[in-house]
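Two complexes are shown next, each including subunit A; its partner changes from subunit B in the first to subunit C in the second.
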Partner chain A sequence: MKKITSILLLLAITSLVFAAGSKEATQGEEGGKTITILCVTSPETNALKVLAKKFKELNPGYDVVFNEQGRLGYFTNVTTQLVGGTDAFDLIQDNTTYMTELAAAGTLEPWDKYLNNPKLTDLKAYDLADLPIKLKYKGKIYCIPTDLSSQVYYYRKDIISKPADTWDELIALAKKNTGTAATKYGTILTAMTGGPEAPKIFDVVLWSFGGDVIDKDGNVVINSEATKKASGIYRALKPYMPEDVTTYNYPKVFDAMKSGLVAQAVPFWNAAWNNIKLTDSKFKDKYGITLVPGVRQKDGSIRRTPQTHGWGLVMNAKSHNKLAAWKFLVYATSKEGFEIRGKNGGSIFRPSILNDPKNSNDPYFSVMAKTYSLAKMEPLVPYYTKMHEILNQMVADILTTNKPIEDILARTEKDLKNLKAKYE
Partner chain B sequence: MYSRARGKKLFLKFLFYIVITTIVVLWAFPILWIILSSLKTDNQIISQNLIFIFKPTIANYYKIFTSHNFNRFLVNSSLVALGTTVIVFLSAFPASYSMSRYKTGGDTMNLGILVTRIAPPAAVLMPFFIIFRYLSLINTLWALILVNISLNLSFALLLLRSFIDEIPVSIEEAAEIEGASLFQRLVLLIFPLARSGIITTSIFTFIFTWNEYLFAMVLCSSQKVKTLPVAAGDFVTAYAIEWGPVFASGTLILLPILVLTFFVQKYIVKGLTIGAVK
Partner chain C sequence: MNKGNTKYYLILPAAVLLIGTTVIPIFYMIYTSLFRLDPVVFNRAWPFVGFQNYIDLITKDPMFWSSLWRTLTFLIYTVTPQIIVGLFLAVLLYREFKGKRFVQTILLFPILATPIVVAMVWKYFFDFDTGFLNLFLKKIGFNPQPWLSTRGLPLFANIPFIGQWLVDKFNLTYAFRTIAFVNFWQWTPFCFLVLYSGMTSLSSEIYEAAKIDSASSWQTFRYITFPLLQRVIWAVVFIRVIDCLKVYAQIWVLFGNAEITRVINIHLYTLGFTTSDYGMTSALGVIIIMLISLLVGITIKLGGKKDVQ
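Let's turn to the complex of A and B:
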């Protein structure tokens, strides 16, 4: 009996050694045809998978392997992989806002030499002018996003007949629709501290008042009248939002929309329009979509200032399959690629597709065409993540304390200037 | 008079059980909630009303096994947890014996062992990644086994040592007089006597490894070597949380531990209370 137990134990350990040692198919050499992608679980990735199927049909012998991972810790993983010098992935899906730091660290492959090589890229068919966003660092392109995120305004069509044009109108609508039979909260926005969402959403309000965090010359300009006004809007909206609004990130706001908890979600991400349609929420067809509110100008126009950032594939500088990876990148960002992904959960931002009359029956296309034309990106600075930490603190203080706005802004300005000085 | 005293005693007993039941329910509620929610639809999960009566569905389990290869992840997690536990035991048992009986390393060794637990895991993530990249161990289960050994060995050493300290040296001396070699004493005498300590240490090592997330996420990103906690995290997508599959995978992670704990709970309690009463 003891002998049998010993043999079984030995067998178990031996099989463990072999099983644990098994490794993912090794990467090909330079010019290999297996493209390995590290990506986050998302509708965009699902759309990329559909695209990859078509890519493989068009390019026999090529293979695309997706290594999907959830949102939790994804950016930690991306940074560790790239800075640690991994060669396990050829392409990595990342948020455009983090790319400058990764490019500065030399972990990303610039696209220019592939883009400008006629043997590798048919520039005329690719139509670079139809791609308004290109991620550049020191004059080189590191990414053309596959998907572009921006903010729009979702409102319950069954209870709000006319959505707000200005922030003041939004406050009035929020007040009117708080604690009613139809909805618990009048409005909601993503204010969760600790990530990139709260500062980006604050930008939408801040920019509409003509303010900024850092101006085009690189000066810290957060402590301004515009920021005071934007902060005032946040505090005015506070009674009509959940008390723990600083814990609301995209998934939580999205769940609030799905469960009919809120009358409005604004400024909120465009991805929710397609995402909610994919759910079985009984409210999924009750939301309308329009442009984010803004500030009325003297001439009567409304200054609306959505923020934008993208999700895209970056090429790992240590990849052994750069040519194959490039082939996939070009296809993913081509017009055909956008159309395939757009039909399968991706977000389209090529103006030629958004403005195509055949898409006019879906309000999303016209709202997004206008939104992208108004939207701008945050400054791509090497201290981006740390800048967000400071801005997160500012948003948290505005929403959760009674500190005077002037004090909050003075401290934020000081922190930002100190941070900036470290990078000069 | 007698019945009054008895009544008071009964009342206090009743009160005691009420308090105990309340504490148990409070502690068990999240686990019960995970298991119940894994059998609900998405809408029932996010409903503003607490739903306890509902028609259960196995759709969430069906999804994680059919479209997300949870069979593979289950095997991976088992291999890593079992592999780590076996190696930690094989290393920690003789080492803790040596530390207990021969005071190997003296107090400096104890301090040295404790130091390995001081650094937060995130701080050593990058060094581990670079080391394993050079060893070509990225995306292999060996990377996880090695990391988990380093994370758990110190704890296992200290815990096992305290168990061995409790075994009287005189028993060993008697065996030595009878002609037992060191190896025989270790295997035939100390091993059975320290059984509850070995089981406790192994269970804790298994649980810590089974639940480990950070290193598993970074060192084993590929689908082929993914472990259960990381796979469960996949349902926290970029834009939404797929609550049903999250709860189903959470239940899958919980159940083996719950079953295991149920069978060996007396050893765990003993392990946690050793040295408490002399």
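Let's turn to the complex of A and C:
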């Protein structure tokens, strides 16, 4: 009996210790002043850390704790943590790509009530109109990105005097610069399937022909003349790219640029401009940057359609420190916040900063101002990642097989319709 | 305490652990495979869909059959040469020669390395532009090869009329051969090790008798070593089949979850953690368990018949 009492006592003490240590005291929406952020190791996070330091100086008593994780499996972790109902994080850094599904799952807090409360947000100073990208789901804002990724056109200035305006010109330049003394490959793009990169890059070409995957009414429209033309461009570029181009993701294309293997990298991510400047590559100053090519219209203009997605902070619906979290969110996406992060490795997309004459020396700013004005996001659907699975297979088939394009598109259309039906 | 029950008490901790970490999750997986389950509905009532996830996998998932078939071809392309070369090495190193220990030690190095590290090292070796292999080939006057590309192997792709069909149907691409090679490089020494151990356990008298009867090396192998080793060979086949069905890290490092090299385990990961379709993932998990059980059953059945008289 004595033994049993001792064991029960021990169990009770252990449980109490665990209960006390497992969670901070619940504080309700008012919450405390410690903001915990789940984030991924990246230049964007480093910029956020600098911002957090300034935030703490401006707001004594507040603290920002970063819970940083590596890139591998990060998005999986974000989904499982949020869907599992964690309250360990107030803000979570995520890619806008994945946010709709999380919003639909009810794991994210909409921003509207904080944004529209004058006590919490000075909308005039915040200048919402200067933030062209807002991630909305069912009419509510769930995120304003802190960083935007889009595609631009990198070309070797020492061998290409006039970059291509159209896809046909790009093919001609790629042909001319393949296997020369200066470069091995005429062009390169990220075509590694299995992730989000290949479908996004394909969109840039597809949209320029006036096509789409899913139209604004939610119809599957992949099987179109525009997609056939875009697929034709991919197949026409193939001989001038590395044979194992379907293993090329961002780091590998970046390495090819660094080592001078390619004459052009297009469409490629804007992050590479600043990143290559930080390397010791002997080619780092040889690249020019301009808008992605497009399709010439009857009036002579070029339809260029870069794709964009953002990195941003979303608010956990289960957070106990929502007001403090909101305070940090407003600061992070304010003009001052953008300028601080921009100087520390973050990407700037507020037009007021990009178009500021003081930045006119760097071509990046004007190219990005124009790029963001043209760019659009992929359809924000709750089956986004599954849609990418199907599109990845389409891109792989276009680049690695000789199957007729018509067959590939018919199958893609069927698969997308099946997927969509599941969510209706 | 009843002494007769002691044995049950002793196995209780292991049984609880096994049930808690294997049996219950399997039953839970079967249960979740009957629901539509993804992040959107996770925190609500899960819609019961019966066997729809299984039907969707089999009839609508474009990657299910191709990744399943790719897994089976991977199994054939890796296990077969591993057993043949492993057996060859075991016979070769069974003889006494100077430096035998050194060669044996060198041979075992690949097993000691982590599969993920092995794949990363080979990935750099196989890189088309900067890889050691192509730099070496160029140095000795050969053309560099697209080891990591999905181009069909010329030996098969150039066959008139059916070349491309063969490449597509049987995964006869550079990329897939590279994957099979990396697995072959790492695990052939394991086959050698087990087969060699099996050979050392064979009675030396029978070899001496063969020697007296002037049996040639081939005859000794054909009529003594091979028949006596069949049990061991099947044991190795059994282990390698299970291991190859589990293959994940090497392919992931070399090609991620690219469709063209995706085997069933990588498709499982993609469904579960990239597209977050947990119901379908559970259904696929159940199918994989059934498949592994079937293949292992066949292997045991075939191996069990190999009693040597």
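The definition used in the following text is that the second predicted complex is superposed on the first by the 394 of 424 C-alpha atoms of A that agree within 3 Å, B and C clash if a C-alpha of one lies under 4 Å from a C-alpha of the other, contacts with A are read in each partner's own complex, and residues count from 1 in each chain.
One rule holds in what follows: a residue touches a chain if its C-beta (ideal position, glycine included) is under 8 Å from a C-beta of that chain, and two chains touch if they have at least 3 such contacts.
Computed from a prediction, not measured in an experiment: that's the story for all the values here.
By the document's definition of touching, neither partner reaches A:Ile222: not subunit B, not subunit C.
When both complexes are overlaid on chain A, the residue A:Thr400 reaches subunit C alone and has no touch with subunit B. Once the two complexes are laid over each other on the shared chain, residue contacts for A:Asn418 go to subunit C alone; subunit B is not touched. Contacts of A:Pro251 after superposition on the shared chain: subunit B is touched, whereas subunit C is not.
In the overlay built on the shared chain, the residue A:Ala105 is in contact with subunit C alone; subunit B does not reach it. In the superposition on chain A, A:Asn67 contacts subunit B only, with no contact to subunit C.
When both complexes are overlaid on chain A, the residue A:Gly85 reaches subunit B and subunit C alike.
Contacts of A:Thr279 after superposition: subunit B is touched, whereas subunit C is not reached. With both structures placed on the common chain, the touch criterion links A:Thr76 to subunit B and to subunit C.
Residues 73, 76, 83, 85, 184, 259, 261 of subunit A touch subunit B in one complex and subunit C in the other. The touching residues of subunit C, counted against subunit A in their complex, run 36, 38-43, 56, 60, 62-63, 128-130, 146-151, 164, 168, 175, 255-260, 262, 270, 273-277. Of all residues in subunit A, those touching subunit C in their complex are 73, 76, 79, 82-83, 85, 101-102, 104-107, 184, 192-195, 242-244, 246-247, 249, 256, 259, 261, 382, 385-386, 388-390, 392-393, 396, 400-402, 411, 415, 418, 422-423. Residues 41-43, 46-48, 75, 79-80, 82-83, 86, 122, 125-126, 129-130, 133, 136, 138-142, 145, 213-214, 217-218, 221-225, 230, 232-241 of subunit B are the ones touching subunit A in the complex.
The residues of subunit A lying in touch with subunit B in their complex are 12-13, 16, 19-24, 36, 38, 40-45, 66-73, 76-77, 80-81, 83-86, 88-89, 184, 250-251, 254-255, 258-259, 261, 269, 271-272, 275, 279-282, 311.
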